[in-house]
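Following are the structures in question.
In what comes next, subunit A is part of two complexes: it sits with subunit B in the first one and with subunit C in the second one.
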Partner chain A sequence: MRTKDGHFTVLIALIVILMTSGALVSDGQYLSLFNLQSMAGQVPEIGLLAIGVMLAMSVGNGGIELSGIALANLSGVVAATVAACFVSASGEPATFSLIFILAALTVGLLGGLLNGLLIAYLKITAILCTLGTQMFFIGLAVVLSDGRSVRVGAPAPLYDIGNGYLFEVPVSFLLFISVACFIGFVLRYTPFGLWLMMTGSNPKASEYAGFPKHKVIVATYTVSGILSSLAGIIIASRTINVKWDYGTSYLLVAILIAVMAGVRPEGGYGRVVCVVLSAITLQLMSSMLNFMELSNFVRDFAWGALLLGFLAIGRFRLIDFFSPQVRAVSSSVQSPQAQKQ
Partner chain B sequence: MKFSTLLKNSAFAVAALSAVGLATPASAQDSKAITTVVKISGIPWFDRMETGVKIFADQNPDMDIRQVGPANADSAQQLQIVQDLVATGVDALAIVPMDPDILEGILGRAMDRGTIIVTHEADNQANTHADIEAFDNSDYGAALNERLAQCMDGEGKWTTFVGSLGSRTHMQWVGAGEENAEKYPGMELVDPNNESFDDANGTYEKAKEILRKHPDIKGFQTSAGNDVLGVGRAIEEAGLTGKVCLVGTGLPNPSAAYLDSGAITAIGFWDPQKAGMAMNAVAKLMLKGKQVTDGMDLGVEGYESVTVTQGAGKGLLIVGNGMVLADKDTYKDYLF
Partner chain C sequence: MSSSETSKNLLAAQSHSSNRLGNLISKRPEFVTLGLLVAICIAVSIANPAFLTPTSLIDIGRASVVIGLFALGVFVILAAGGIDVSFTAIAALTMYAVTLLVQTCAPGLPIIFVFAVAVIGGIILGVVNGYLVYTLNAPSLIVTIGTQYLFRGGLLAFIGTTWIMELPGEMGTFGRVSLLEFEAANGAVVSLPMYFLILPAAAILTWWITRRTLMGRAIFSLGGNPEVTARLGYNVKIVHLFLFGYSGALAGLAGIVHATANRLANPFDLVGTEIAVIAAVVLGGARITGGTGSVIGTMLGVLLVVVVDNVLVMVGIPSTWQRVFVGAFILLAAAFFVTRQRKFKPTK
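Let's turn to the complex of A and B:
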């Protein structure tokens, strides 16, 4: 039997509540197609970073990913610089987009690989390692771009990733959902997913069980780096420019999303679907506060309150409290959270 | 879903809905709405701008006028706010971009949607109907230098500070200052264009060095907002108050002590209050479908006769004459 996951239920409920109340305060404007598209277009960049944080947390060993947004910006800056060396964005938009995307993904892969190698083989604590690489990535991006924003322009295929629609749904959102589904599938149905979660929940046991622990850690951070560069591609496409200091506030928001999604900071447990829902919840909330014409400081307050609320749910098992049957089941299991799902 | 979970969820719903009940109702149906979006909320510069936005709101009770801004200095957060505002269907946006380039995409889409866009401090913004600048940069630099020359009696060594050599406006200001100083053959420019990086402490150290190297220096013209504080402190500590002149960009409140002591001769700035009013005035004109023409009076002090030229994109570049030079006697009119 599956362990009851309170976060999933609560997040779904919150989304329904936010949508209803948003519609109420804005005379339905909040649920207009334009706003739904606008909100869906804002979720992917932060959502991808949050999935990266989730993976890093789940693999354990005090895992965390602080270099996400820095790597995303670096990918954008490098890709824009490299692509502009070969072709002009307006002259050959398709080639430009292809080079841009490949270059960005390569940078993400290398950056993530660097994090993984440092953490797995040099045994540097993840928080220190990713803090260090964060500064390293920022520094590189500043040097490459001279501290200014680098113009990407609007070459057709690339521009459509951030601004296009497929069946009225933003392409970036579809991309985000498909990446999330893919990662979710890998975590659930492949040996790699099992190794990842087991390494996180009990590193020692998984080592004795013969899991390739180091390789799992390296692979996890590499995937996380690739997700960052995907976020970087979406940012570049949405804003037509890339800059090293874009989204400095995303660092903590991505962690907030992961914790709200019930990812265990100690490792071993996290669900991609909850991270997606949690990113959507935060977006709905911040857009609603903007619709309600409230100060943006209220948003920080509301996010903080939400986070504390979710921590309380996790800590005191409020969901179990409300469902006695589940509590009975889970108390008979030694470590229910270590189970998959 | 279990009944108990439902119960709990409905408790959530009640809590959320009661929070919503406190919210202001959506704007009245047929009145036009202009929202000013600033770089950051809660700092003195933009609090001062908000006073201007409020004055404009009082003058136009039929319109829905307000100011918002991100809680952190992050262009991504400003982008989100602008995106949400465009989605609410606001009629006009008056924006002080954190990073003009980052906003190009959404501003382009907003204009396609029929939203009027007015910007400030972004003369390179392509996707805007009008960008408003408080003053012409060369005029400002020349005015600062003229005030310095007046204090120095047109005689002696002087030097300049810029935030960084890459800062376009700062270089324009000191460049115009140098040009102006050519009118006074007795003025000798030494070691020009010191970089301050807008850091009062670093500027203080550098100013001390310059005072040691040129004991007979008579004047400083500075550019970044904190430069006057650093140079002012160096002058005061060297006991040269009143003997060395210092004119530069600065804000009245932080500079008050040095202005009173005489270490700072005069500060130059533009009043964000008036800039906020001017942005809203232009947005209102455009909402009514009126043209903004060269020499027009926007009805805001310092913007009585604006220069209108073609901007970086399809929009207009509107330049006012909103510079303020304040000294010991006049800074109290602009406390922010």
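Let's turn to the complex of A and C:
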């Protein structure tokens, strides 16, 4: 489980290639400080959602998280409504921001908890459950906001999360990296991380081993919900308004990032560092398409093709052909799968 | 003592009868769907008698054609243990491409050939899906999310983004051919269109395939246990190609029906309705993990979703609340079916 899988190397190589070719295509503009900052500012929201998808996939049981962006928007809408009830954004920016952030995180926690409880205890399949909660969350956001966008404004501390810089690096990017490090640490060095991955790779064995299976599932989806609400906070502070239908394509993109990072869709394996790298790769590609002045629809098309391409790479273990000693390890892990054919 | 004994007997009798009920529900979950449908219809017609007029019933019939065709395709894939979210993209792509083709090449093409071309287009796209799901050996949800974006992105990027307001030739008139006509209370004529017949025809064909052919056996067997299916000698690849191709054909058909019914080919349409369709199939008693389900149940599930959609406004629930209700409804129904099926699973 802890072996290298080659995705890390491939993603690093891809990032280097994209940066050089981007610089060549745009006469160096691609690597200007402004462009790098704007790209780094766009990674966190989608990266956080992708980590949520990765956690849900890793815990197995057909796990997937389809309600992420809906929950992110819902927490933004709820937080904006609640915070506006107590204080005005321009009058007391600090209190407003605090209430906003707390309210958003609470919504994320509750939403994730709802997903986890439904999946673990009521045994609803994750696909169906998160489809249902997706619609439920969107619906709540529509009801609360009456279908319109809710103004958050730009209270100083909150605004800085999405737009500020620390040593020329966007604050949101630093936040994203620290959250990713924390999740990575938890997955690697705590019993919870071990339980999570083991539950994903073999639910039955982990149950006999005495892991608290249900609690692991609930905790996983709750963490995933909190990550969604963090994404919601960043979205709110970047866009100043929150709306229920923001980022509809994020659903696919988050899954695409997870698959590109080598997270196994059937559970049991995934690395946070690869998810971060693959989110960065995708952002580089997206900016590249922008520089080439192609329409959004071409980008959708490219994402679809990319997702299928990376599934093929994962399926035929193309990456492993270039690192022989790794191949032996992962093929022995993979053997029960091979029998299916 | 005697009282405790009688209560014991009573308990035993109760558990016995609830066991029978449970068995019935786990074997034929469509009865629950039917019960729910009837209950909702009765409740709504008490709350608002306008519900039981021909106008609203025909509205429901008309609204259920496209979602019903989609649902039959989803049912077949769900029965085989997969899931498909790309069918709306297939429908939009074939709808728009075929309309464009007919408009530019053969405006006078009879409607039957238009349908044939759309079905063939749908089959080709569906087979692509099936081939990818089989060879990539990845969860079909993820594969079909990929193909959804591929098809829809391809449509909008390379084929066109403008609405076709004037449908060519028979495509424009077919939607208006009516099967039955009523005069409503206010004097307006309401008609059940001819294209409504496509839904029962497709339902009967699907029933025949799933219940009367070897392919049907293979599909349910694949949903129950893929490994055993392969060992029994079924060609799993062919089954995959068939079921995704069939679903694609139904989607292509649904796309053209949608265009002729609205007299408009809008490339941005349809995508986004997947959740409602999948919900309808699951509410019809098909387990999302495969191996179960029936055509009757699927049709009842479709009716349930369409009725709930139409009825919320009628009983005075504002349309902003619609998604909350449908979402909560999906979760409750799913939880209900799952707990029922688990509790009353016959002991092995």
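Criterion: the second predicted complex is superposed on the first by the 322 of 341 C-alpha atoms of A that agree within 3 Å, B and C clash if a C-alpha of one lies under 4 Å from a C-alpha of the other, contacts with A are read in each partner's own complex, and residues count from 1 in each chain.
Going forward, a contact is a pair of C-beta atoms (placed from the backbone, for glycine too) under 8 Å apart; a residue touches a chain by one contact, two chains touch by 3 or more.
Quick caveat, the model's predicted, so the values are computed rather than measured.
Asker: Between subunit B and subunit C, whom does A:L118 touch in the aligned arrangement: first, second, both, or neither?
Answerer: Touch status of A:L118: second partner only.
Asker: In the overlaid three-chain picture, which partner chain does A:F297 touch, first (subunit B) or second (subunit C), both, or neither?
Answerer: Both partners, subunit B and subunit C.
Asker: Report for A:V259: first if it touches subunit B alone, second if subunit C alone, otherwise both or neither.
Answerer: second
Asker: Just subunit B (first), just subunit C (second), both, or neither: which does A:S149 touch?
Answerer: In the superposed model, A:S149 contacts subunit B only, not subunit C.
Asker: Report for A:Y250: first if it touches subunit B alone, second if subunit C alone, otherwise both or neither.
Answerer: In the superposition, A:Y250 touches subunit B alone.
Asker: Looking at A:A312 after the superposition, I want to know if it touches subunit B, subunit C, both of them or none. Which is it: first, second, both, neither?
Answerer: Second partner only.
Asker: I'd like to know which partner A:G62 touches here: subunit B for first, subunit C for second, both or neither.
Answerer: Only subunit C is touched by A:G62; subunit B is not.
Asker: Using the touch definition from the top, say if A:T133 reaches subunit B (first), subunit C (second), both or neither.
Answerer: Touch partner of A:T133: subunit C, not subunit B.
Asker: After lining up the shared chain so the two structures overlap, which partner does A:T106 touch, if you call subunit B first and subunit C second: first, second, both or neither?
Answerer: Touch partners of A:T106: none, neither subunit B nor subunit C.
Asker: Hey, what residues of subunit A end up touching subunit B and subunit C alike?
Answerer: Common interface on subunit A, subunit B vs subunit C: 146-147, 295, 297, 299-300.
Asker: Which of the residues in subunit A end up touching subunit B in this complex?
Answerer: Against subunit B, the touching part of subunit A is residues 9-10, 13-14, 17-18, 20-21, 24-27, 29, 32, 34-35, 38-39, 41-42, 146-147, 149, 151, 162-163, 238-241, 243, 245-250, 286-287, 290-297, 299-300, 318-319, 322-323.
Asker: What part of subunit C is in contact with subunit A in the complex they form?
Answerer: Interface residues on the subunit C side: 83, 132, 135-139, 141-143, 145-154, 156-158, 161, 226-227, 230, 275, 278-279, 282, 288-289, 320-328, 330-331, 334-335, 338-339, 342.
Asker: For the complex, which residues does subunit B have touching subunit A?
Answerer: Of all residues in subunit B, those touching subunit A are 1-2, 4-5, 7-9, 12-13, 16-17, 20, 23-26, 41-42, 66, 68-72, 74-77, 79-81, 83-89, 99, 101-106, 109, 113, 166.
Asker: Under the stated contact criterion, what part of subunit A meets subunit C in this complex?
Answerer: It is residues 62, 64, 118, 122-125, 127-129, 131-140, 142-143, 146-147, 251-252, 255-256, 259, 265-266, 295, 297-305, 307-308, 311-312, 314-315, 337, 339-341 of subunit A that touch subunit C.
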